[in-house]
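The same chain A turns up in both complexes below, where it pairs with chain B and then with chain C.
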Partner chain A sequence: MNFKHRVVSIIARAALLAYAGAALAAPQAPAAAAASAAAAAAPAPAPAAVPAIAPPADAPGAPPGDFKTLDQEVQGLKKDVIDLNKDLFVLQEELLFPANTQVALYVSMDVGAFFALNSVTIKIDNKVVTNYLYTAREADALLKGGVQQVYLGNLKVGKHELVAFFTGKGPIERDYKRGATISFEKGVGAKYLELKITDHVAKHQPEFSIKDWE
Partner chain B sequence: MRRLLLAPSLIFSVALTAASIAAAPTLVGKDAPDFVLKAMDGSNLRMSEFRGQVVLVNFWARWAGDSRQEMPALDRINTTYQRAGLVVLGVSVDEDLERAREFAGAMKVSYPIMFDTGANVGRDYLLQKMPMTILVDRAGVVRYSNVGFKRGDERAYLDHIRELLRE
Partner chain C sequence: MQRVINRLRALILGGLLLALPAMAPAKNVKPDPNGLPPQDVKDLHYGDVLFYFYQDDYFDAITRLLAARQLDRLPHTQGEAELLLGGLYLSLGEHVEAGRIFEALLNQNTSEAVRNKAWFYLGKVWYQRGYLDESERALKQVSDKINPRISAERYMLLAQLMMREERYDDAIGALSSWHGAPDWTAYAQFNLGIALVRKERLADAIPYLDRVGRIETRSEELLSLKDKANLALGFALLQAQRAAEAKPILQRVRLEGPYSSKALLGVGWADAGAGDFKRALVPWLELRKRNLLDSAVQESFLTVPYAYSQLSASGQAADYYSSAIESFDAEMKRIDDSIEEIRRGHLLDRLLDDDKKDTLTWYWQLTTLPNAPESRYLYQLLASNEFQEGLKNYRELNFMSRNLDAWRDDVSAYDDMLDTRQVAYNRLLPKVDAVLAATDLDALTRKRVDFESRINEIEASNDVAALGTADEQRTWRRLKRIEDYIAAHPDDPDLTEMRDKHHLMKGVMYWRLSASFKARLWNERRSVKELEADLKETQRRTVLVRQARAAMPTNTGAYGGRVAAIRARIDQLHRRLSDVSQQQNRYLQALAIRELEGQKVRILTYQIQARYELAAIYDRAANDKPKAKP
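Entry: the complex of A and B
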């Protein structure tokens, strides 16, 4: 599916969901009217129609099985909202950070016996792009193998320089600030760089490096 | 004659100030903006990590006289309700970090004090006047906001805190 079709599909689904949600929120409205309104509003590429709305639970003579139907419809709508939200997020990322200019920076930590991470400041071409403070939980998550996307942005094609400053507690609980630098070439595709913090066992010191994921 | 002229203008200005505070936008009913700030002990604290607990955020400044009265009251509330799931966070909006630290140290409160030297958090929380206190429920929604502090306000805080802790 190309980009234009995806946008149309997302808009159509959003419209359908809005009508279906409104119909569910006002169950006293006749079911046929809600369904026809939704069908009329739905653009061509959208799925057929909203399922018929069950009568209100407290309506006289409503069969008990309709509670289940209504609940299933609500659950279905919730799932559709989550799916739609995910698609919107992906679309937004693609619009804001097209692959040809995208640069993504990740932070990872291995062992961490000689360094307790407190913050990371990143400069690209001498301009601060992010300054991230880590809580104890976040630092712990990194130690457990988590990889954090610390920055996502756009860069022009060409040569660039990245400088990362790490602050925290070093060996013997001493305040520690170290930097790592990398010069990289931004090509046509997306660029992924990983800021790695590892332990240098022989030196009893932390090591900071930047890996360029080709 | 001058007094006669001064009185209405004074009343008008007070009314105008009160009206502007009353009409000022608040975050009540909205999600509490997330933030991460450095605390007095050097650790970093993130607002969203307290989701599931009732959070009282108190914005203060050493130059705001009411803060001196409010902080001990909040300390008593923190001591009493901490075990019940209340988190009290003090956020200083002082630009002078060293003097703010001195002040916070002198107040000897038991809850964490953080420093918003860039005033970014204050902007997100629509700070109008100092001090300002907000209450955030377990779902992360702002439920109560109080601008300034006068004696008796702590009773209103307690009522809201008890209500939120019961939810």
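Entry: the complex of A and C
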């Protein structure tokens, strides 16, 4: 085979394989699907390279090895770290907020057409226990159905009073501040209270209430 | 937002399962309050998990979900929570665990829509990670009753998977029978064309690749696909010695696109194939001005002098070969330097230097390369799933290492706290013991019982004076004494007036005492009840204090044991993380070096060819000279 034929043959075959291979690495979604977070985050596909004419050499002393084996090791390790985090989370709660004194306050939001939450201030027995300012991302998470544990603390057994002040934007974008109060009995078990923001459709106003979870 | 169960479920399964294209529109949708009743939160702790989940904070979400599950805090949301857990595992790249959960859950009473999405995204993640068998099994679980876009992507993934395994007949079968959304058709036809070419069925492939190569579109993605189809078809025709047909197809590739260099190279070969080397020089000389990093440009360093040689311009051919040898030398030196730089071990840290480190998501990808000499050679590598997934693993290991560092500080604080508690306990213990010793609950109980009995007696005997005030009782006692005196002197006429007065005064006194007796009795009974309640509370508190006193050393010891055990786990996991992280680093480093070595070998091959041809030109010149002067 003369030089011309050799070069044509090598390059054409190699390029063909490369381009066919590149097709597999091509973006897997057409434009309409490119709105996906994953696709948007993906780098633009790099131009196909003509593969090496000779087989590529491995780095001396450090063979790539098997991706799957390493990946499975990473999977197992990550699972162990996640489990450890769970155990640490439980230990932390039991140690710092034992059930017989634990009080947990949650904020939930239903609908939110008449109120955009900016902050909440909570007093227990006339003492401010938390003053929380919401980011747009957090307020959005509440709107989607998330429930925020806004305070976790300890209280003695007995009667207590909680007052919550909500500030934000009310109907027609007006500054809005409202309160809600509840007297509750702290028993020997953990006490959960839910500060609820709901819409009163008939009144076109938000409503604020506190639910005592027995 | 109206939390309607179905919508929530859709968000859960969609949102995470996962960062889904199809579900993306569900995010940020302004809630519509009309007509939908508010939905109460079923489990506060599940809502708490969702709060983190909706902020894409999957690591906190999964930690809280696992803790809530362990503490039995999800009585009403177990099913949803389990499905969410599978999705969260998948989001964190834990596809093995996610697969285990889905396989256990999705065969039960899960809706077909949920099942389909879960299998689809699991299959997609497995495909990206190279678990092709698992991916195929998952994708085949997806039924056709699914969003058309997801259905199309599923078929495409299956076909690509078969092609990666070189099962071209299977891929051809799958793609030939597929009728999907129009915007996916081009991709299907392209892949079908490629599969046919690989099976050496060029005649069958031509219509498909040609159709994609002619599509009218303004979409950058489709324009890129169009270029690739023309390029692949052009080179397939060149390989089949059909240069004349190849040229117009290669000329359809955009000059400003990413495939233009390869197209220019091909056009040159098409001209050369037709014997028109002068015309071939036009694209090749244009190509030669471009960046030598491009393999097509590297090849043009050989093809240009080759064309001159064919045109008998040996001098120019020799010059271009010499220039190519020098350029290849310089390029190989740069590659060697880059390999050395990578071997120093800082490649990954440099790649992740600008990375936002506080989030973990499965769709994370490195999108920019650092401004370093070795970066210019790594674009191709970066586009590969293998490198991206490995880099993702490395990044996640780093995240977890930092996570353990933070916990390690907290755990030290727990130790201090337990020590402080123990000191406080030791200080309080004598006082507590003294109070407990002084508290005779039995005696107090007996007193209460006696008191109640006395009240009962007073009521039964209607002893109205017994509940009188101190003054009334004193008066009542004086009247009693007078009564006794009068009774002792029944015949004394001087006492007649006193007898009448006593009778009157006793009557008045009795009337007063009787009138208030019921009220006083009620008050006394109430006091007894209050006393009983106080006594019960005292008993309860005493029990609590005794329990706390007894449990404190055990609790402290138990917590101390747990803290010590957990610290040991942290240390052990830290060592494993460090070890696996290094392995991952070495693995990716080896991939990068292999990529660079490959490029170097290719350039070396070109250089050898250039030297060989240059030597041949000199030989020919040397052989020609003696003939020239006989």
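Points to keep in mind about this one:
The rule is short, and it goes like this: the second predicted complex is superposed on the first by the 137 of 214 C-alpha atoms of A that agree within 3 Å, B and C clash if a C-alpha of one lies under 4 Å from a C-alpha of the other, contacts with A are read in each partner's own complex, and residues count from 1 in each chain.
Convention: a contact is a pair of C-beta atoms (placed from the backbone, for glycine too) under 8 Å apart; a residue touches a chain by one contact, two chains touch by 3 or more.
None of these values were measured; they are calculated from a predicted model.
The larger set of touched chain A residues comes from C, when the choice is between chain B and chain C. In the superposition on chain A, contact is made by A:N118 with chain B only, not with chain C.
When the two structures are aligned on the shared chain, A:G179 is found in touch with neither chain B nor chain C. Of the two partner chains placed by superposition, chain B and chain C are both touched by A:R137. In the superposed pair of complexes, A:G187 makes contact with neither chain B nor chain C.
Residues 137-138 of chain A are contacted both by chain B in one complex and by chain C in the other.
For chain A in complex with chain C, the touching residues are 3-4, 7-9, 11-13, 15-16, 19-20, 22-39, 41-43, 45-54, 56-59, 62-65, 67-68, 70-75, 77-96, 104, 106, 108-113, 137-138, 140-149, 188, 192, 194, 198-199, 201, 213.
The touching residues of chain B, when paired with chain A in their complex, are 36-38, 42-46, 49. Put simply, chain A touches chain B in their complex at residues 118-119, 133-138.
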